[in-house]
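Each structure below is given as structure tokens.
One chain, chain A, links the two complexes that follow: it is found with chain B in the first and with chain C in the second.
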Partner chain A sequence: MTDAAKTFVETYERERGSLPASGLVWLSARRDAAMKEFAASGLPHRRLEDWRYTDLARALEKASVVSAPLHKGDVALPDATAINVFGAVDRHVVVFVNGVMQTKISDLPSGVTVVSLSDALSADWAKTLVETRVSDAQAANVTALNLALMRGGLALHLAKGVKLDKPLHLIHLAGDDGASHRRNLVRLDDGAEAVIYESYVSAGATNYFDDVVTNVSLGAEARLTHIKVQDEAAGAVHLATLTAALAAKSYFSSFTMTLGSALSRNQTFVRFDGEGAQAHVNGATALRGRQHGDQFCIVDHAVPSCTSATLYRTVLDDASTGVFQGKVIVRPYAQKTDGRQMSNALLLSRDAAMNAKPELEIYADDVQCAHGSTIGELNREALFYLRSRGIDEQSARQLLISAFLDEAFETVPDDAAREGLRALAADWFRLALKEDA
Partner chain B sequence: MLEIKNLHVKVGGKEILQGIDLTVNAGEVHAIMGPNGSGKSTLSYLLSGREGYEVTKGSVTYKGQDLLPLSVDQRAAAGVFLAFQYPIEIPGVTTMTFLKTALNSVRKARGEEELDAPRFLKLVREKAKPLNVADDMLKRALNVGFSGGEKKRAEILQMSLLEPTLAILDETDSGLDIDALKVVADGVNALRSPERAMIVITHYQRLLDYIVPDVVHVLSKGKIVRTGGKELAGELERTGYAEFAA
Partner chain C sequence: MVAVRETVETVDKVAGEKYKYGFTTDIESERAPIGLSEDTIRYISAKKEEPQWMLDWRLEAYRRWLTMEEPAWAKVEYPPIDFQSAYYYSAPKQKAKLDSLDQVDPKLLETYKKLGIPLLEQQMLAGVAVDAVFDSVSVVTTFKEKLREVGVIFCPFSEAVREHPELVQKYLGTVVPTTDNYYATLNSAVFSDGSFVYIPPGVRCPMELSTYFRINEAQTGQFERTLIIADKGSYVSYLEGCTAPQRDENQLHAAVVELIAHDDAEIKYSTVQNWFPGDENGKGGIYNFVTKRGDCRGDRSKISWTQVETGSAVTWKYPSCILRGDDSRGEFYSIAISNHYQQVDSGTKMIHLGKNTSSRIISKGIAAGKSSNTYRGLVSVHKKAEGVRNFTQCDSLLIGDQSSAHTVPYIEAKNPTAILEHEATTSKISEDQLFYCMQRGVPAEEAVALIVNGFCRDVLQQLPMEFAVEAQKLVAISLEGSVG
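On to the complex of A and B.
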């Protein structure tokens, strides 16, 4: 077992009695079982197919993995672009520090259930969500770790037909070094609607492990739009698992913008449980230095007549590495499935590398599925053309890179947020220019 | 304005231009004709500063200065403009954004004030109208899905916005029907002025009926083999390029 894995096991032994809702018998039993499962398998290693390109165990050898302290003091919101990107939108803001909700500086919507994880765990809906297994993939061992140690997070429950009045912006701040395992639970009953933004940034921490699991469950015709920006500190490890179970005619749209951390992995598991549902899982990634960013996505068409679309755009500078592993599964009974996935990467440097593995697993015959991946460089002809019109080289590069990422931003169903993401990408580029100069 | 002396250029290790001499004065329009593969596009790319073109001998002087050390965008700012034989498609960049970025880059480099959005819009509409370039086309990604004629009209629109002093048109007539050809020629003629020089590269005399040149050159196997007045174009049309075959 690696040192990091040992630390997690020891942490659990020490903190078992003080974890949130430790009085709940079902939860303690689940936590014990999960930790046993984790201890048996350890952290994922590269011999596992799902982890072939991302060495989480190794990254965690360098990261601080003892539990980050429960942050009690007041914090000021950092003036970070990854937060301000949603600034133009009238929204509810909920702040978390090291995973723990800071109710004093948050503006919680009224009339709906938005509570901290620990307050939610005694409710039946939360129990159901925590116990849902959306996928049997090799992600299981990291979600087991999260289940054992989960401490903070958000729980949102919208009753039938309730529409959240404004987007809910979750600002996750890393205030101290160390590991924080948090769990977000989102349950929208039939016909309910919500928009959730998330920003992940550091507020002082430099060496930390963010382990986030988000479980989403949508009732019939419920609609959830989720837009996340991850711009963690350069020394951070960011592991985010999102599971979504979609009932009939529900709509789920998730967009992840990845800019920060030394190593990040977003793993998304979508399962269709009812017919006529739609899922859009998209993202844009821009990395530099020695950053590593992994987008892993499995969409499981378990029922007929559902639509899924995935588009990831990745820009890699310097010696950064990108990963895309995606799979669309169409079960035998899932006729009339429309499933698409595409990964496009743009390498700005000879030392940058992209690993892409799109897969289709189709057991039905009346389906429309397409998948693919491309890896390329900036088009020299296009650069020459732009420069021949007086546009200097850096501006020409910026135009082409922005245009490349823009195809991903086009998938964001929220105009204001889309503009914010564009500005964020432009910011990333300006920094690259400064470093080159 | 432009003085090319004994210019030898290698592309991909092969000598394509083999001693070009050409002087173009302000106010003049020169036509360069010649068979396919004679080096016409090579000359225009070399002048615009494209990479991969190695000058092994000779010189190019523009407005009294050595042109060759200047980068592609510096040349554009200095007034060199190439209307491409095959304009490049750029997905994701709208024609409008591109035009504004280009115009303001050039204005900035020339020490002129950059235009804000309303002033730019007014100017671009004014220049686009006679070229039959509709707003809808300006909103589309640059050259993506444009017809052959639309691409060429977009090139002339760029030229009229950037107001070059040396305009090189590389087979701007290819793929155009007669109506489109007239629109393009009118656009080019509107830019003729005593301060501006033009090099019109074409395979056919047809374009030169509308853009009447002062001087006609024939390029063959990387050399200018004949120079004459506008009547030379008519002569070539009758005899063909057989005697100059590449």
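On to the complex of A and C.
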């Protein structure tokens, strides 16, 4: 077992009694079992097929993995672009520091259940969500760690037909070094609708491990739009797992913008439970330096007549590494499935590397499934074309890269947020220019 | 949907048409004692009158093999193989050395005749030089003299070991080392025969070379080894065909093929694999665990793999290209058809090491019945490989709702100048297309064959003439009995 894994086991032994809702018998039993499961297999490493290109165990050797302390003193919202991108939108803001909800500086919507994780765990709906198993065994291991140690997070429950009046903006701040395991629970009953933005940034911490699991469950015809911006500190390890179970005719759209962290991995697991549902899992990644970004996505078509679409765009500068691992599973009898998956990567420098593994696993015949993957550099002819018309090289490159990322942003179903993401990408590029000059 | 049901019915009828190569030939043979040990290997080596270095090489591989584990990552399932219950060497008994075909056991010739192989000299018009491997040994090689005139060496592997040891020693195991993988290592230890080809510099091989593999004996495994060397500026096209009798047991076929292309050389390697696939209930059939790899060692060299995979109960096969020389090119064209309970896990690896190397992968998987068909491939661009270009297309066609098709591509780029494209689709035969054909009087099963042949067209076009016709028929026959 690695040192980091040992630290997690010890942390659990020490904190077991003080974890939220430790009085709940079912939860304690779950946590015990999960920790046992984690201790048996340890942190994922590259010999596991699903972790072939990302070595979490090694990344955590350098990260600070003891639990982050409860933040002392007041927190001011940092002036970070990753937060400001949603500034133009009229929204509810909920702030978390080291995973703990800061009700004082938050603006919680009224009339609906938006509480911190610890306040929700006694409810049945929360129990059902917490008990969601990730279908993939190798990924289940990291959710087990999260289940054992989870402390903070948000719990949102919308009753039947309720539409959240304004988007909910969750701002996750890392105030102190250390590990923070948190869990977000989102349950939308039949016909309910919500838009959730998430920003992950540092507010002082430099070396930390963010371990977030978000469990989403959508009732029939419910709609959830989720847009996440991850711009953590350069020394951070960011591991985010999102599971979504979709009932009939529900709609789920998730977009992840990855900019920060030394190493990040976004794992998304979508499972269709009812016919006629739709899932859009998209993302854009822009990395530099020695950053490593992994997008992992499994869409499980367990029932007929569902549609899924995945598009990831990755831009890699310097010696950064990008990973895309995706899988579309079509179970027997899941006829009339439409599953699409695409990964495109741009390598901007000699030392950047991209690994892609788009998979199809299909057990039904009346389906339309396709995937594609491209890796390449900026089109020299396009660059030449722009320069021949008097545009300088840097502007021309920026134009082409923006256009490349823009196709991913096009999938965001929220106009204001889309503009914000564009600004964010432009910001990333300006920084690159400054460094080059 | 009526059309579909009718198709199923019609085709079920045709399905009665059994595997037509399922006969056995009653021929006297001598075999090594059952099981695998150092003694078996010494026995094989002694039978082949091999020099000491060859025996040492085998024993080293065997010792290595004992420490290795069977790979389990492929998407195939089969009961554990008992390596001690098979014969590793079986040869048709020969009384003396043969000078011409007249002296070959007529029963053997009859077998090859049934298989439709132009072994006899009077069939010279066919213009294909054939090396026929029966169970473990090469039976006969035709056109040897004619090839010798231009300097081409085409002979059984065991003969090459005896007569061209310098070539064998120089190249054997340089593409697929003895340590490569479980089955390749096993093959290195116990391989019995195979073909050896050497094309001298600047020679364009005047005819297609062909090897026909046949497993005849029960309980035997077949382990052949093929080594093809194309020296500078040469060209060769090589065809390979395989069949086996219909038996209830599973037999193991673990071959190794090594191709080496020097500067400006080109090797075209085509396979029509039609080992016995097992019956409709998945009983019997060949386990086809094959390691094939080509090394584009020289600049501007080219290796092209074309395969039509219709047989075998379980296939585990990844013909690959190492693109070492600058401007070298690798190609992989594949049709993999699985029916009933067949399992196919096949694909390719394109390893780009040299500058301006390019590769093209076209894979067509067709899964019918309860079969499982997986494409597994790797395209890897190393840091110093400038200007690499790859295009990959793998399409799957599903016939019937119990079959499954999977695509597992790995794409790794460490150089920004690489342009890699991968696309894959999975779908079933379009109802509209079927209806259109039937509306115009084309019977259902013919319509399906037509559509599938169209689906495979890109690959079929790559086959040499002689094979293309056979392959097209094979595609139709393999599917008859499955369509829905």
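Here is the rule we use: the second predicted complex is superposed on the first by the 434 of 437 C-alpha atoms of A that agree within 3 Å, B and C clash if a C-alpha of one lies under 4 Å from a C-alpha of the other, contacts with A are read in each partner's own complex, and residues count from 1 in each chain.
We take it that a contact is a pair of C-beta atoms (placed from the backbone, for glycine too) under 8 Å apart; a residue touches a chain by one contact, two chains touch by 3 or more.
The shown structure was predicted, so the numbers you read here are calculated from the model rather than taken from an experiment.
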item	value
Partner chain in contact with A:K357 - chain B first, chain C second, else both or neither	second
Contacts of A:G376 with chain B and chain C, given as first, second, both or neither	second
Touching partner for A:D190 - first (chain B), second (chain C), both, neither	neither
Chain B versus chain C as contact partner of A:E407, first or second or both or neither	first
First (chain B), second (chain C), both or neither touched by A:E49	second
Chain B versus chain C as contact partner of A:D365, first or second or both or neither	second
Contacts of A:P332 with chain B and chain C, given as first, second, both or neither	second
Partner chain in contact with A:E275 - chain B first, chain C second, else both or neither	neither
Contact breadth on chain A, by residue count: chain C or chain B	C
Residues on chain A lying within both footprints (that of chain B and that of chain C)	none
In the complex, chain A residues that touch chain B	379-382, 384-393, 395-396, 399-400, 402-404, 406-407
Residue ranges of chain B touching chain A (in the complex, touch as defined)	48-51, 71-73, 75-77, 81-82, 84, 87-88, 90-93, 97-98, 101-103, 105-106, 109, 141, 158, 162
Contact set on chain A toward chain C in their complex	49, 332-333, 335, 345, 347-350, 352-377
Chain C - residues contacting chain A, complex	73, 396, 398-428, 484
